[in-house]
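Read the structure below first, then the notes.
Each chain carries a letter (A, B, C and D) given by its place in the written order, and its residues are counted from 1.
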Amino acid sequence: MTLETVLLVASALLSVGLYGALSQQVVVMVMMGLELMVAGVLLALGGLWWFLAPDPSGQVLMIVVLAAMTVEMATGFAVATVLHRRAGGDMTDMTAELHE
Amino acid sequence: MPESSVLLGAAAVLAAVLALTWVTATGAAMGAGRGLVLAATDPWLETARLLRQRRRTTLRADVLLWRLSGWSLLPLAVLLVALVPWGPHVVVPTELGVVWANALDVVVWAAVWLLGWGANAVAGLVGGYRFLALALGYELPLMFALVAPAMAASSLDLAMIADAQSDLWFVVWMPVAFLAYLVGVLGFALHGPLAAPVGDEVAGGVLAELSGPDLLVARAGRHALLGAGAAVAVPLFLGGGSGPWLPDPAWVAVKAIILTALLSYAAGRLPRLRVPLLLGPAWVVLLPLVVLQDLVVGVVLL
Amino acid sequence: MTSTDLAFWLCAVLAVASGVAVFVVDSMARATYALATSFVATGLAVLLLQQSYLGAVIVLMMVMEMAVMAVYMVMFMGMNPALMPMSMVHSHRWAIGVSVATFVTLGSGALLVPWPARRGSPPPDVTAALGRALMESHMLVMMTVGAVMVATIVVGVVLSSHRTRYDRFGDDLRHRDPADRGAR
Amino acid sequence: MGLNRVLARAATARPRVHLVEAPGGSPVRWAVEDALEARGWRRTPSPAAADALVVAGRLPDDLRDAADLLWSQLPGPRVRRHVEALAEVDGALDTLPAALRERAAHRDDARERGGDEVSRFLPDDAEDGHMSPGGVPLAEGAEDRDGLEMDVLVHPLGPLLDRWPGGLELRLAIHGDVVADVAVQRAPVTAGAGPAAAWDAVSTTLALAGDRRGAAEASRLRRHGSSTTSADGARLRHRLRRWGRVGILPPAAAGALLAATDTSSTGVPPTDLPALLRGQDLSDVRLLVAAHAPALLLGEAARA
């Protein structure tokens, strides 16, 4: 377990998540992709923290990322509900309607 | 730690889980009005009966997730009990016992929902949904209840928390947190007032389609979770191993068994809450009270 | 290879494999819980990096989130997941190309960049140090996060709810049963 | 061999019974319930964990399929008993443990059962094969009471179901667990009004609500034909009132039970079941039907 391997795994997680976020049609599945990307970021931050600068401020940053993850999730669910209510569906293409 | 003591600890944890499971099953049956002899022998006869019964599956069930979740309840209870410090000995020593106990009880969310989902049948699915609805109600008060003893001991380590109560048990000056914790235990063990996900009125809910050994482990897991929740309450609120005459581990066991017996008896005695009834009182009454309790603890510590 | 290395690689393989599984499996429940597995593995890997509190919290939060997510999946994806194979992708090839390119870029960066040596040493009790940082030097961060969380709760409820309690219980909130019998 | 025999004896010492009531079978069901109570045997809420299927009352021909479907859900070793008259109750139950221990018979039974016993009970009107995998038609969407489009499941309740009026068959359309629509497919034949039926309804409802002690108490009142003016009756009515107030029972269910057990009132008003059940959740449907069981007959009689 070195910094390089941790970062490698983290970038694998991030890439898989990116694939999901780009390719999925359903809002909830897109959110899953985003979550996976954030998980990759968390792991990378954890690795950088431990191997480069293990002082508490780095961990505070990770807490912020974790909080961002939940905010993304909660808002995503709410938006999915709105879309579903409006159109009876939740494909990403429908998000265009939200601009109206 | 030498290997033999690890094995010994693991064996002790398993034995404790089995004992607590039996106490819970007996206590709950007695609470529901069954006589002592019948209630105490039922678990053994049921074990024999279910081991002899065939397993079954339903049409287009998600067998992988269904079996996995059913068989995971009992291990979760074992892990919870493994976190409990038996006086100076802990099987899984961690400085974050409180957080891990909380994390394990959240894994129950996933297990119960999947158990209902996997059977691909209406009763199970309804049971699974009902569990999540109840879980949203009990989990927040439970989390804030865990904060109080951790704050008072200024540690998340269950052993440190137990040690901090040598003068006064936390239950004495944190009754509200203790109550909220017990409600949470009933919730994640699917017992008593919070047993709606396995209620008879939905044909047994998440357990409706199980039979044979699968039902045995799921039901035992449910009882074991109540016992494990009570066992974790011992270091959190009941002074851990402190007490006269007996050695520390014996006191932990005695307290865990007594609390399990009382809690399961009460659970058997009380009727089930209908699902929509919990969220309001849990968030509007219990949660503010628990937060107030945390505040009181904070002020006392200042 | 130490046991820590072994544990890390197990977690890493599990995290990435179940992450891939999210977009491969047929059933929504399986996709959701594959993601949960991926998070648990990530949490355990963070645990191995000596950040026990963050690892535990990742496990706790993500399992909870996925349990809720599963309900949304079932609610919003208009077909029965246990029964129907699903493929709901668009621009599949392009997405794969982009993500492979990302992985190659980031991965080679990770391997090729000359990382500096470690500055400082970890505090003896990482969790306590984190708590102190949050409550002392970085208190502002915590306060902001708290406010954002509250705002999120409000936004989520306002966006998603259709009726208020006045719709359900009458203008004086006195009706015992929600006045919405039957489908609207 | 000795150990096996001991285990088999332990396993069959207290068989679990799935007890359902045929139309008009209430008196027989009461006798079976009392016999189970005397033996210390318990019932199962679903057939999946039961050792024995006991049908109380005479099963009309058009319900044979329903009984067969239920029977196919018992995992085995399994025994089936049709108890048609009060005199048969003890005989039927006494032979259960021995019947459950007949290894050869159960092995043959298991061999004869195919892997898939349910498919033949599925409706065969699902034309589009690929939209109905496994023969199960896919759910269709409709707006729920919050105006959100949700899948609607068609879920039958009855005609043979644990703690359910004999022969009543409802077809529910449910969103999650909220009932959007109800149709009565088949009317029940229940014991009608009268103190015994009233206390039986109390017992059934309390059992479904998880109040086992109250249920046992109500069963005792039913057995001894106790009047509501007795101390026990008054105590139980007080309990019902309390459960209705705190919401353990839906207020309508508590009200119906109080009306049914009140000897001074002239009778129970007939019940319009679909209107009562629409918009409730699935468990409340069970509680409400159980509580209104004495009035269901009147409702049907009034229509006829």
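Convention: a contact is a pair of C-beta atoms (placed from the backbone, for glycine too) under 8 Å apart; a residue touches a chain by one contact, two chains touch by 3 or more.
Note that the coordinates shown come from a computational prediction; the quantities given were computed from them, not determined experimentally.
Asks: Which pair wins on C-beta contacts, A-C or B-D?
Replies: Pair with more contacting C-beta pairs, A-C versus B-D: A-C.
Asks: Where the centre of all protein Cα atoms falls, which chain's Cα centre is nearest to that point?
Replies: B
Asks: Could you pull out the chain whose C-alpha mean position is farthest off from that of chain C?
Replies: Centroid comparison gives D as the farthest chain from chain C.
Asks: What whole-number Å value describes the gap between the mean CA coordinates of chain A and chain C?
Replies: Each chain's C-alpha centroid was found; their separation is 7 Å.
Asks: Report the inter-centroid distance (CA atoms only) between chain A and chain B in whole Å.
Replies: About 32 Å, centre to centre.
Asks: Compute the distance, rounded to whole Å, between the mean C-alpha positions of chain A and chain D.
Replies: About 48 Å separates the centre of chain A from that of chain D.
Asks: In chain D, which residues are in touch with two or more of the other chains?
Replies: Within chain D, residues 133-134, 136, 141, 147-148 contact more than one other chain.
Asks: Which residues does chain C have that touch at least 2 chains other than itself?
Replies: 57, 68, 75, 78, 83, 162
Asks: Of all the residues in chain A, which ones touch at least 2 other chains?
Replies: Residues 81, 84-85.
Asks: Which residues of chain D touch chain B once you look at their complex with the stated criterion?
Replies: Going through chain D, the ones touching chain B are 7-8, 10-16, 40, 44-46, 48-49, 51, 73, 75-77, 110, 116, 118-119, 133-134, 136, 153, 155, 161-163, 174, 176-177, 206-214, 216, 243, 247-248, 250, 281-284, 286-287.
Asks: In the complex, go through chain A and note every residue touching chain C.
Replies: So the residues of chain A in touch with chain C come to 1, 3-20, 22-29, 31-33, 35-36, 39, 42-43, 46-47, 49-57, 59-60, 62-64, 66-67, 69-71, 73-75, 77-82, 84-85, 89-90.
Asks: Quick one: in the complex, what on chain B touches chain D?
Replies: 32-33, 35, 38, 42, 44-45, 48-56, 58-60, 122-123, 126, 129-130, 195-196, 199-204, 207-212, 215, 268-277
Asks: Tell me, which parts of chain C touch chain A in their complex?
Replies: It is residues 4-5, 8-9, 12, 15-16, 19-20, 22-23, 31-32, 35, 38-39, 42, 45-46, 48-51, 54, 57-58, 61-62, 65, 68-69, 72-73, 75-78, 88-92, 94-96, 98-100, 102-103, 106-107, 109-111, 115-116, 118-123, 126, 129-130, 132-134, 137-138, 141-142, 145, 148-149, 152-153, 155-157, 159-160, 162 of chain C that touch chain A.
Asks: Over in the complex, which chain C residues touch chain B? Could you list them?
Replies: These residues of chain C touch chain B: 27, 29-30, 33, 36, 52-53, 56-57, 59-60, 63-64, 66-68, 70-71, 74, 82-83, 125, 127.
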